[in-house]
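Below are structures written as structure tokens.
Two complexes, one shared chain (chain A), two partners (chain B, chain C).
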Partner chain A sequence: MNIFLHELKVYRKSTIVWTLSLAAVLVLFMSMFPGLTKDAADFQKLLQGYPEPVRKAFGISLESITSLLGFYSYVFSYIVLCGCIQAMNLGVSILSKEAREKTADFLLTKPVTRSQVVSAKLLAAISSLIMTNIIFLAAAAMTTLSVSQKPFDMGTFLMISLSAFLVECMFLALGVLVAAVMSIKSVLPISLGTVFAFYILNMLGSVIGEKAVRYLTPFKYYDTAYIIRHASYEPRFIFIEALFIVIAVSASYIIYSKKDIHAV
Partner chain B sequence: MNLFFREMKAARKSLILWCIGSFLMAASGMAKFEGLDSTGESLQQLVSTMPRSLQAVMGTGSLDLSTAVGYYGILFTYLLLMAAIHSLMLGAGIIAKEERGKTAEFLLSKPISRSRIMTAKLAAALVNVLIFNLVTFVFSVISVAKFAKTEDSISDLSLLMTGMFLVQLMFLAAGSGIAASGKKPKRAVSMGTALLLAAYILSIAIDLSQKLEFLQYLTPFKYFEAKRVLIDGGLDPVFILLSIGIVFILTIVAYISFNKRDIQV
Partner chain C sequence: MNVIELKNLTKMYGKSRGIRNISFNVEEGEIFGFIGPNGAGKSTTIRTMLSLIYPTSGSALIFGKDSVKFAPEIKREIGYLPSEVFYYDNMKVKDLLKYSASFYKKDCSHRISQLSKMLDLDLNKKIDDLSFGNKKKVGIVQGLLHEPKLIILDEPTSGLDPLMQQKFFDLLKEENKKGTTILFSSHILSEVQKMCDRVAIIKEGELVKVEKISTLKENNHKRFKLETKMPVSQGFFQMDGVQNLEVKDQITSFLYSGNINSVLEKLTQLELTNLWIEEPDLEEIFLHYYEKENEDEYFSP
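Right, the complex of A and B next:
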């Protein structure tokens, strides 16, 4: 319990900063929504002069992307990116902190098992993520309600917003695993490199239209277009995620318990 | 000189990883390019009449996706982001790591001045950044050459890469400036990254709303973006001067504050 509270305290400031920046980015982007709908309406008028098939092809994608939820998903992809950097960073840093800062002998000579250490740290990391997400969700709901002129489906909105937390959990698990396996000197290059690698893979996947990429990058697991259409997540990706998290976390426990940790 | 080679060696592994990343990007991104047919061209005209904010949301920008170089422009955005992250982390890390790794005492008790330490470290970082740029250039030329005449694309690509180099220099200088002047060396890389992400987000926001266009001077990602460079056929001299100025000032800041720095041992 002491470890848990201590870690929460250590990460309090960074959690607050992350939460505020995520909320700020969302407010900034969503405040552009009214301008965008105006642009879209103008463009729709211009489209009238084009032949039917073109109008159809464009009309549909325009309509979905300039609807409130469509635009929210667009903005949300950047939020997820930032959230995942936070999560991975947290995972890598929280488990490698003692080894990095050479305080391992202090922590590991306390009468707690290594598994207890991992549990407390994991719990602290998860709590930090949950707090970020709750506050972000409140900010997002308020902003979205205030910029929307038409009613929208709150359930779908919540599902989209919740998917950030699900993706973040994967990166947290990955981060903890990386910290357990490797000896880490500095956190950010690793977490940033990993998250951006997956993000770029995801962006390329959507540009080149590759189906297989979906399974490789967590960013694509909870496709917002699918959520908007079906008001649910895709079950197989929930399964893959659960499997991944269970494997990564249990591997972290086992590896960390047996790891040679240098004291000085 | 020893220090320079020491730093080159220390950064070698990560440079190789970054170059592999750049290779994967260039290769996988261009592999899927297929020239659009004639209906594609008329669609392209339609897209170009769209308001800029819609273009941004739909992910095309004003790039001409029917040409190989235009298609490469999309890829370039991500390569630029990669290059910026690489140079920022290199710049901040190379200065901050002595204090972070508790080796500052060892280094600073050697008979060389702090300015010389800084020069050697910055020179090593510069060479690393340059190598990454050249490697990316070569990979890009090869992957674009499959679809377009090499002579045409090389001039466009070398323009883009020059722009990328200037952006890299800015982030390198920013990273070392932050690391040298910041109070906590542990925070240097994270602060620099926060700055970089803010700049990146700002560049997206500017794409979405014309009202924010005056903010484009604040984010290096806007200075030499592909759509601007490819359409103008050159780098904007205002931004070239601005970026050289930024690099100059930040480097001086880095030198001065590193010289006066209280090193925590």
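Right, the complex of A and C next:
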């Protein structure tokens, strides 16, 4: 419990900054929506001017972008990207901290098992993510409600918003695994690099329309168009995600527990 | 009762480095020295005892319990001070010590203020702003605040000024009087000599010897230095027990272990102008261990 509280405190500042930034970006974009719907036809025409591959790469769909949920999904795809950077950063950083800051001699000579250390850190990371998501969701819901002229399906809105957390969990698990396996000197290049690699894969997949890519990049697991149409997630991907997280997290526990902690 | 029991403790990194078949016991209430040059395997042994690293073979029993299997339980009663101390930089000293205390199920606040007062440590500073010596003091308080039954010190005095070292040694002796066992690793022999009852000597990953400090010092080793009218011929002191023979003009010096009478007999054959017979310090005896080993290696095919 003390490790959990300690870690939570350490990441408090960065969690607040991430939360506020994500909320601010969303509020900024959503506040453009009323102006956009006024000139919906002009806007669509403008977007038509872009070549189709570009539109696909950036996830712009002409039919839905002028609807509230369509526009929200578009903006939201960047929120997910940022959220995943936060999640991966958190995962890599929280488990590699002892090695990076050379505090392993402090923490790991205390009367705790390595598993307890991993559990406390995982829990702190997830709590930070949940905190970010709750506050973001509140800000997003309020903004969306205030800019919508027509009623929209709140359930679908929540499902889209929640998918961010689901994708973030995968990157958190991946980050923790990376931190358990590798010895990490600096966190940001690793987390940014990994998340962007998957994001670019996602963009490429959209352009070439290859179905198999959907399985490779978590950014494609929760397709907003599908959620809007069916008001549900695709069970197959929930299953794959659950499987991935279980494997990554258990591997992290095992590797971290067996690791030799060398003198600095 | 043995507080530490190492049985053929082996840790290999690849093929060469590491420790091989280290076995020794430390009894309750002892101050046990652990000496050897840098890179001999002192830290590796200690880190294995703390299950920071895991043994390749053999085992370490602390308080009679396996150091890997019962690690958390054992560590409740261990205080550890690493050779280089690193803490969470943007924490205040006070908060770090509180965090450290929160791992032990007892109230340590009184002890924290007592120790930091004794060591003259400012609790309100940030770790980041502390000098190396002051960080070391945080380490000392952090290692002792839960009144452990076993204190493990890995080259603890680096960074402390002589006055602080003395305070630290006094503190350790006080703890020892209360029954605390202390394992003291160092490459500085004088401090081991000052503190310890027994000592284990380690070299290139292998245990050379476990010896009482007193026997190590006695061991019939005497340092002879003599001044003669005429230079002594090289072959004159060719006899058992003479080591490190040095002849410089009128001054001859050597280390002797064995029957004092036989060397005195030799001396009577010389015309002496001056004679010193001294207790060698540990350093000399210790260096001798190395030199001998090196010679062996040198002459082995």
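The rule is short, and it goes like this: the second predicted complex is superposed on the first by the 240 of 264 C-alpha atoms of A that agree within 3 Å, B and C clash if a C-alpha of one lies under 4 Å from a C-alpha of the other, contacts with A are read in each partner's own complex, and residues count from 1 in each chain.
Note that contacts are C-beta pairs under 8 Å (C-beta built on N, C-alpha and C of every residue); 3 or more make two chains touch, one makes a residue touch a chain.
Just so we're clear, the structure is a prediction, and the values are computed from it rather than from any experiment.
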| item | value |
| --- | --- |
| Superposed partners chain B and chain C on chain A - clash or fit | fit |
| Which of chain B and chain C A:Glu63 touches, first, second, both or neither | neither |
| First, second, both or neither for A:Lys258, with chain B first and chain C second | second |
| First, second, both or neither for A:Leu188, with chain B first and chain C second | first |
| Chain B versus chain C as contact partner of A:Asp153, first or second or both or neither | neither |
| Partner chain(s) touched by A:Phe43 [first = chain B, second = chain C, both, neither] | first |
| First (chain B), second (chain C), both or neither touched by A:Met203 | first |
| Partner chain(s) touched by A:Phe106 [first = chain B, second = chain C, both, neither] | second |
| Comparing the two partners chain B and chain C, which touches a greater set of residues in chain A | B |
| Overlay on chain A, chain C to chain B nearest C-alpha distance, Å | 9 |
| Intersection of the chain A residues that touch chain B with those that touch chain C | 102 |
| Complex contacts: residues of chain C adjacent to chain A | 43, 47, 50, 52-54, 71-76, 78, 80, 82-89, 99-100, 102-104, 142 |
| Of all residues in chain A, those that touch chain B in their complex | 21, 25, 28-29, 32, 35-36, 39-40, 42-43, 46, 50, 54, 58, 61-62, 65-66, 71, 74, 78, 82, 85, 102, 185-186, 188-189, 192-193, 196-197, 200, 203-204, 206-210 |
| Touching residues on chain A, where the partner in the complex is chain C | 2, 6, 10, 101-106, 108-113, 116, 258, 260-264 |
| Chain B residues touching chain A - in the complex, by the definition given at the top | 14, 17, 21, 25, 28-29, 31-32, 42-43, 46, 49-51, 53-54, 57-59, 74, 78, 81-82, 85, 89, 93, 97, 100-102, 189-190, 193-194, 197-198, 201, 204-205, 208-209, 211 |
